[in-house]
Structure formats: C-alpha cells, structure tokens
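The structures come next, written out as structure tokens.
Both complexes below contain chain A, partnered by chain B and then by chain C.
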Partner chain A sequence: MPASRSTRIVLFVYGLLIIALLYLPLVSVGFASVSRARYLSFPIRKYSTKWYTSALESSTVTDLFWTSLTVAAIVTVVSVVIAFFGALAFARYNWRYRTTFQKLILLPIFFPQTVLGLALLMWFNSLGIIPTWKTAVVAHLVWIAPIATLIVAIRAYSFDPALEEAARDMGANTGTILRLITLPLLLPGLVSAGLFAFLLSWGNFPLSLFTTGADSTLPEWLYAKMVSGYSPLVPTLGIMSVAGSFVIIMVALAVAWLMRANRESKAVQN
Partner chain B sequence: MERTDRKLGLLSALPLTAVLLLAFVAPMVVVAIFSVMPQKVFSLTHTPDFSAYAVFFDQGYYRSLLWSLGMALASTAILLVICWPLAYGMAKVFGRFTLVLTIAVVMSLFVSENIRLFGWVLTLMKGGLIEGHLRAWTGISFDSPLYGVPVIVFGLVYVYLPFMLFPLAQGIAMVPDDTRQAAADLGATRWQILTKIDIPLAAPGIVVGSLLSFVLAAGALAESKILGGQAVIAIADDIETAFTFGQNWPLGSALSMILIVIIGALALFGVSRVDLDAIMGRKR
Partner chain C sequence: MTDTAFLRLRGVVKKFHSFTALHGIDLDIREGEFFTIVGPSGSGKSTMIRLLVGMDDVTEGQIHLRDERIDQMPANLRPTCMVFQSLALFPHMSVGQNIEFPLKLRKEPPAQRRERVNELLDLLHLPRSYYDKRISQCSGGERQRIALARALAFDPEILFFDEPLSALDYRLRKTLEKELKDLHHRTGKTFVYITHSLEEAMVMSDRIAIMKDGRIEQIATADEIYRRPVSRFVAEFMGEVNLFNVRCGHDGAVSGPGLSTRGDLTAEGLPAGSEALLMVRPEYVQFAAPSEQYDYILQGRVREEYILGSRIQYEIEGPQDKRITVEKLRQNRLDDAVGKQVRLGFNAEKTHLIGNG
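Presenting the complex of A and B:
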C-alpha cells in the first residue's frame, strides 16, 4: 500500500521541521558566540570574534581540550577492541550464555548516567582510588563499550558464517581466521563504532561530572558555568566543541570515501 | 564446529563482561551496601540501620521521585505521538531521505546535551532568539516559557527524541507491507490498520523505544537544572545534592537504590520480552 502523494509531502515537511527544531538551539548558540556584548540579548547588534580569540589564548581552555581529547581517544581505542570481541559473542558464536550476555550489556545503556557516575565515585573511593581523568575513562567505557558492541554486532549479524567455516575446513586456525576473514568483514562496523565512541565520549558530561576529580572536561566546565551564571565564553566553547565533533565526522567520512574509491580502482585494475 | 563456537563465544565475551563486572556490577553493590549505613558516614564498616530509607519518606524526597517519574511518563507519551509519523516515514515512505534524516538526528546526539539545552535557553529566554526578534520587528512581547514544568518536559522530549525514533522506525520496518495491503483490500479503515496491524506488529520497537526514553528521562538531571531552573527538583538532582553539598552518602545511595530498583525492574521486564536477534536482523 504505497502512501499517497499528499501523505508523502506532509511527512517529508514534518521530517524537515523536526531536523530544523533539533538544530535551532545550536543556531542560537552560534549567534551568541559572535555577539560582542558581555550580556547577551537578541537581536544582536554588534558582532565580534573577540570571545574566540580570548578562548584560544586561555590556558584553561587548552587544558579542557586536551583532557577531553585524551579521554575520548583512549575510550575509542579500548571500546573498539572490546566491541570487536563482544560483537562476535553477541551475534556470531552460538554459546550457552549468549542471550544472558546480550541482556547484560544492555543494562548500562538503560541506566541513568548521573547515578552511574555517582556509584562509580563511591566505588573508586572505597577502593582508595583518587578520581582523575583516568577514572573518567573507566566511567565512559561502562556506557560506551556496550554501545560500540551493539554497532559492531549489527555488522556481525549480516555476514555469512560459512566464510569462516570454509577457512577452518581449509586448515586455518582461529587467529588466522580472525585476522584474515572476520576483521576485514567487520571493519566498516568497527570504524563506525570508533566514531560513535569518540563522539559520545567527547560530548559526555553526566559521567564525567563525578568521575574526573580535580580534572575537568569541556562539557563539564560548560555545565558548571551554565548552572552558576552566564559567561560569554560558554557559547564560544560550545561552538568550538561542536566544531571539533564536526571535523572528526568529516575526516571519518573522507577516509571512508577514500577507502571505497581505492577498493573500486583496485577492482577495476583486476 | 559446535564446540569451537562455544569456547570462542565465552572467550570473546570476556573483555566486556570483565569491564561490566568491575565497573558496573561492583559499584551497584557498593551503592546497595552504602544505602543501609547510618547517616553521614563515609565507610562501609558501620552497623546497618536503614535510616536513610526512612528519610526518603519523612523529608518529602518521594515528591521529587514522583515528579521525575511523572515528567518521564509525560515525555514518553508525547514522544510516541511525535515520533510515530516520522518513524513510519523513515521505515516505509522516505527512501533516500531516511538516510539524511538518520544522519541529521545522529549528528545532533554528538553535541553535548547541555550545550543543546543551553541553546534552548538562549532561544526561549526574554530577549532571546525568538522573543528578542519578535519584539524588535513587531513590538509584540511575551513572557519567557522557561523555568516551569512544561519546559522541562519539552527538554526531555527534545533530548530523548532519537532514543524513541530509531527503535520505533526499526519496529515499523518489521511490519510486512503485504499484511497492511491485505487488510486494506479487505476493507479495513486506516484506524483499524493502525490499531490491529501496525501497533501489534511493531510492538518490540514500541517497547524498546518507550522503555529507553522513560528510563533515561526518569534519571535526567540537566533538563530540570538548565531549563527548569529549580521549578521542580528532579530525583537525580536530589541524589546529586545528597552526595555533594549534603555530604550524606547513605542518603544519596538510598535515593539511588530506589530509582535503580524502579528502572531496573522496568528494563528487565522490557528486555526479557524482546528478541534482540530478530530486531537486529540475525539471519539464522
């Protein structure tokens, strides 16, 4: 039963409207970041980039960026490794506790992050660990590694186990199969899982809030300033953080595009 | 083959299981133990007295819990209505536009939620993007809708939209076109098709989407703090205060435990009814 033309148009407009609403607040933040006035009010009368200049010169901002970047980078690498194996256990191998495992890894995703952050704070405290950005890495992993696993699992569902079985019949051992068959087949899933891991860690604040100790990530600092009062640097740093995510996504898309172009040109040569 | 599968399954599940046991299950146990400790202690070596749970009832903390659950319920109901047509479009109508929509929605997830909520403050405040321009162009002014319960619910709907949209679209995609066509041929009205075919067959997606948005909204903190300006106190806010300003870890733990039990029961109930293999597209 194909939808009628008018239904199509209405749904299409509705979709565009939702996208517009999703991004409207970022438009406001964008305008606010280039307003010259210390106390913001719309319509903006004088534009200036001075807040960007002062943000770039500030050493606090540099620290915030480095902390966020370090945490996100480590979380990405560890999540991808965990997700590779986790996805095989989730989707590929038939083993006894597979459905239990599937449910276990959903629990942290279905969990209020603020409470998780506080629980981890108490756990680290009773172990005698003083929270720093390293404990924040652990906190992020609890939430992000399961999500990365789900993403790779979607890819793992779609590949034919017969490929692995054929390799095994021809005498390949498990290590060889994983390296030569499974890894290349799951690679697209691993790349998107890595991208998700990085961006979710980069933007996360409820987990960082309680687990970074004296260190601070960018979203955490922004939250503190928003709750305690306005600073003209908030919109500026907000936009810089968004721009950081955007650059990563563009780089990832470019790499994916290059890889595909490369493969196609090889296929043509053969 | 069977035997290697079994061994490899267990082995490859190990890293993630270890992370979750050490950094998810163990902290929950600590919270559970702390919640029965006497008030304002910082170690686990005291005699349990369950006094923190009494405080929950005596000092009105149950009101925050009810507010949080109520606002979560309201936002979940609103999300179902808002997302259904869009999810239907993504699953059955849009074609290529589905990809554009998916990318647009996923990209918005990567912007920290507090930046997006702060953006709404700038948009809705007096002298903000909407009111400021309206007043400058037409002279009409209106009071800011910020700092109330409706705007908190709006914030929850806004932030958790993707968590409803994607499971719902996945659920609707599982409804076979032939079945809908057959019902229509036999004279079913649109309403009958929706209630007798679409909703029952898309039920797994509806369950996952509703649970996810309800659970996340019930534990949300930023919406009530940034948009609501303390108009009502969310339970997550009380928990945070008990841990930070209150320096009362047992109270914070007891409040957490109550929230965890409610959310955990719902999550387990939902997850146990859904066949993940079917939703995620396992082939055999």
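Presenting the complex of A and C:
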C-alpha cells in the first residue's frame, strides 16, 4: 500500500529530525575545530584551518595516530583469524561443549568495559606485566574478538553444510575445501567483522584507559586534554579521527562495489 | 546391464549412540541399473546413502564396489558422486565453474574443462551461454540440471541422488523424472536414487528397495512390488489398497467376514488354518450386476466419491464397517453414486495373499 502524502511528509520530517539528533553534536565539534578562537562561541567570528595545520605538524599527534593505528590493525587481523575458526566452532560443527562455548564466548561483550579494563589491569599487574599499547591489544581482543566471532557466525549459519560435503564428495580434501568453499563463502562476514573490529578498537576509550600504561591512544589523549589543557586541537583531532573511520568504511564499500561490478561485467561480456 | 553385483552391502549396521539406524543391511546393486530406495522419513534411507558416499562411517559390515572394499575409504577418494537434496551448488561460482569443479580438482587444463562443460550443458539441454551465469539467476529446474551436470563431470562409477526433486512443484518434478530416466539410458551409468515418493520411484526405477525402521522390507521391480507386496506395510506404502483379514480353511478354501467366495478357491502356498491378508488394488474391484459372477463378492454402500482427474475414487462402506476403495476410469463412472447400494466383485487372479496378516 503506498503511503499517503501526509504520511510521507511526516516520515520525511521524522527522518530529518533523527539525522539531526545524531549528527548535530558532530557538526558542533566540526565548527569548534575550524574556529580561530580558543573557545567555541557562536557566531564564529573567524574561521581558520590553523588547528589542522598544527595537528599535522605535531609529533605528539603523529605518535598518537600511529599507536591507535597499530593497536587497531593488530586487533583487526587477530580478531578476524579468531573469528573465522571461532565461528566454525560456533555455528558449523556439532561438538560436545558447543552450547557452553557459545555462551562463554559472548560473555565479555556484556561486561561493562570499565570493569573489564580494571580486571585486565589487575591481572596484568599480578602477572608482572607492565601495561603498554601491547597489553591494550590483548584487552581490546577480549572484548572485540567475541563480537567479530558473532558477526562471522551469523554468516556461517546461513550457509548449507552440504556445500562442504559436496566438495569433499567430488574429491576435495580438507585444505582445498577451506580454500575454495569455506573461505570464499565466509568472506563477506570476515570483511564486516574486520571493519567492526577496526572501528571498535580505533574508537575505544575505557579499555585503553586502563591498559595502555604510559602509551596513549587518540581517544585517551582527547579525554586527557578535555580534563586539563583544552585546546581546539581536541575537536580537530576528533574530526580527523571520525574522518579516518569514514575513509575506511568508504574504501570497504568501494571494494565491495568494484567486486560486484567486475563480476557483472564479466557475466555481460559472455 | 549385468547380473553380477556391482555395489555389494553385507551386514551393514549403523548406530548413533544407543540408536540403531540400520540393522544389518544386505544389498546387491547391479552395474548400470536405476535402483531406488524408498521409505518414509526415519526409515534409514538417508543414513544408508550417507554411508554409501562416505559422509558417515559404518558401525559394522562391509561395502564393496566391484572387488574393492570401500567402507573405510574417505568420501573424497571414492569413485562415487552424489546429487544432494539441497543440490549444494556453490553460490559464489558461476554455472560453468560449478560444473567444472571436479575437473579443476583433477587439474585438467582449462581448455579441456571448458569443452567438457559445453558437452554437459548440451547433454542436459542447457544453453552454452549459461557458463557465466550466476547460480542465483537460474530457475529451480535449471539448478537441478546444473547439479546433475556437475555430478556427471565427476564421471562417477555410481551416481547417488538424495531426493533432489522433492522441493520442486509437481509439473516440473514429472518432467525431470522422465529426463532423469532418459539420462540414465543415455549415460549407461548406475543410478542409486533415494526418495520417500513412491510415484517417483515407480516411474524411474529398474528395481526398488522398500525400507522400514532400518531394514529392507522388499526388493523387486516396481510392478512386482505393486502386485505382490510381502507385507501390509509395503502394500499400504505402494498406494491405495484393500486388505481383508482372511483364514485359510482346512480344505484350503479362503474365507473372510462378509466375503462370499466361490467354493473351489484355494490359497496357494499358505498352510491350512493360517491367518492371512487378502489384498486387492482399488482398480480391480468391479461394480457387479446381480447376475455377474466373481470369485469374491461383497455388499456395500457408496459413502463418498472423489474426483482424481482421469480416475474417480469411491469410498464404500462394506460389511462390519469395513471401508473399501474402488477406482474407475472417468469413462466408467457410476451415475449418482453416493448413497447407492452396490455389489462389489473381484477375481482371485487379481488378488494377492500376504501371510501372517
């Protein structure tokens, strides 16, 4: 049933309001980053990109950026590997302790991150490990790997186990089945799990706060600067961080789009 | 077709924990035959096919293909191939890539693979342009043919089918049944087919095995099973049937309640005094005029008339509330049938006696 004119108008306005609610705060951060003044006040008297220039020139910012990126990249790779095998255990194979495994692996997601962070810090301490960005990687993994596993498991649930059996029946061994059937079929799930892992690690604050020790990630630094010594570098870096996430999502979408376009053009040619 | 056993099962038992799915199956399948295993769900037929292709291990017993024992051989080394119920076509590959999958595993050169795929597309009446089509763009019937082509590309000694037609609509199923039988003739391969549909089995098979509770009840041609079932289960499984409890008298005569019999009838092969089931198929029961003579006669009243299409089915209330089914071709339809008193007759040559009824 097509919606009436008035319904459509109401829906449009409603949608607009929701979007505004979600994005206005971000816009204000954006304004703060391009204001020349030290503290944000409307109307902005003078626009300037000087905070961006100084952010790009600052060696602190470069360090922060690299620390965050290294942590997020390692978390992404390890999460995807764990998620791949974890999802197979979660969704594809029947084994004795499967239901227990399914419940336990999801538990860290429901832990408040601050509690999890504190627990991990205490654990590292008792083991005599000095917290650095490396311990933060472990901490992020405790929380992110289960989420990635869940994402891949959803994909694994949706594919017919007979596909692997059929490949075996036609002469494929376990390695070949993994390479030609299981991996390609789980690939979309692995890509989205990887994206989620990266973004969740990149923007994570509570776990990093407890477990990075002397090192600092971008979100931690933003918080520290907010608490003491605010400068427009804070919104500037905030916006740069959001832009970074945005670029990653766009690249992922573009790759997916290119792959589909390539496949379709191949089908059309023949 | 040769008469020597090609695929041989001896005492095959399959247990899942405490549950026994197959109780010592002995079975011989001949080279080049179209052999169908029929049974209701839970009869063990799917378990059996999984053992035959190597998806599951036998608990006891042996399976031989030609002179080679294969029950311990992993599925990927067996020279057999199966068309799955879900077809198991790889969604991330094109039609052509699906069909050439087994050839690719054998590392055949691309040109040779392409040629073989084209041959198979021709064989299954699919356009060669389908090579690059996505599986998701193909219809249900086309997918069946692609799955078949892929299995044939493997060039198996035996081709197994696990109810591949069950998800299709009636018309398409009928078409594909005939195509499959035709394909069997043209390729000369041994086909082993599993289904719960008796109709499907009867149309296609050279021989049929009927399974119940993990055992084989009867193995014979479709015609033989239809005419001479060995048990009540098989008789009822093979379509509509009328069964009467009868006793074989000491003089050899067959008698049953409400059944008038001609005096000189004798029960062949059954001991005197034993109980038996007298079976007659609905199409052999006649509406008899008062003067007409039949070996068996009984009286009844027509309760219901069902139009089946080319045939009409009558449900008749016989003596002692016994329900009798009669089928007539449309041109022999009984006028104003419902409620009518009728005299039913059938001859002994159209009946079959099942012992220990």
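Definition applied: the second predicted complex is superposed on the first by the 249 of 270 C-alpha atoms of A that agree within 3 Å, B and C clash if a C-alpha of one lies under 4 Å from a C-alpha of the other, contacts with A are read in each partner's own complex, and residues count from 1 in each chain.
The definition used in the following text is that a residue touches a chain if its C-beta (ideal position, glycine included) is under 8 Å from a C-beta of that chain, and two chains touch if they have at least 3 such contacts.
What you see is a predicted model; the values in this text were computed from it and never measured.
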Based on the superposition on chain A, does the combination of chain B and chain C result in a clash or a fit? fit
Determine, under the contact definition given at the top, whether A:Ala167 touches first (chain B), second (chain C), both, or neither. second
Return first, second, both or neither, reflecting whether A:Pro219 touches chain B, chain C, both chains, or no partner chain. first
When the two structures are laid over each other on chain A, which of chain B and chain C touches more residues of chain A? B
Looking at the overlay, does A:Ile181 come into contact with chain B only (first), chain C only (second), both, or neither? second
Scan A:Ser59 for contacts with chain B and chain C and give back first, second, both or neither. neither
Can A:Ser6 be said to touch chain B (first), chain C (second), both, or neither? neither
Put chain A at the vertex: what angle do the Cα centres of chain B and chain C make there, to the nearest 10 degrees? 90
Rounded to whole Å, the nearest C-alpha atoms of chain B and chain C in the superposition sit apart by 5
Both chain B and chain C touch chain A; at which residues? 160, 165, 168
Residues of chain B touching chain A in their complex? 1-2, 4-17, 19-20, 23-24, 26-28, 30-31, 34, 42-44, 82, 85-86, 88-90, 92-94, 97, 101, 104-105, 107-123, 127-129, 131-133, 136, 158, 161, 177, 180-181, 184, 211-212, 215-216, 218-222, 225-226, 236, 239-240, 243, 249, 252-253, 256, 259-260, 263-264, 267-268, 271-272, 276-277, 280-284
Given the complex, residues on chain A that touch chain B span 1, 3, 7-8, 11-12, 14-15, 18-19, 21-29, 31-32, 40-43, 81-83, 85-86, 88-91, 93-99, 101-116, 118-123, 125-126, 138-139, 141-142, 145-146, 149-150, 153-154, 157-158, 160-161, 165, 168, 174, 199-200, 202-206, 210, 218-219, 222-223, 226-227, 234-235, 238, 241-242, 245, 249
Quick one: in the complex, what on chain C touches chain A? 53-55, 74-78, 80-82, 84-86, 88, 90-92, 94, 101-102, 105-106, 129, 131-134, 150, 154
With touch defined as at the start, can you tell me which chain A residues reach chain C in the complex? 159-160, 162-163, 165-173, 176, 180-181, 184-185, 263, 266-267, 269-270
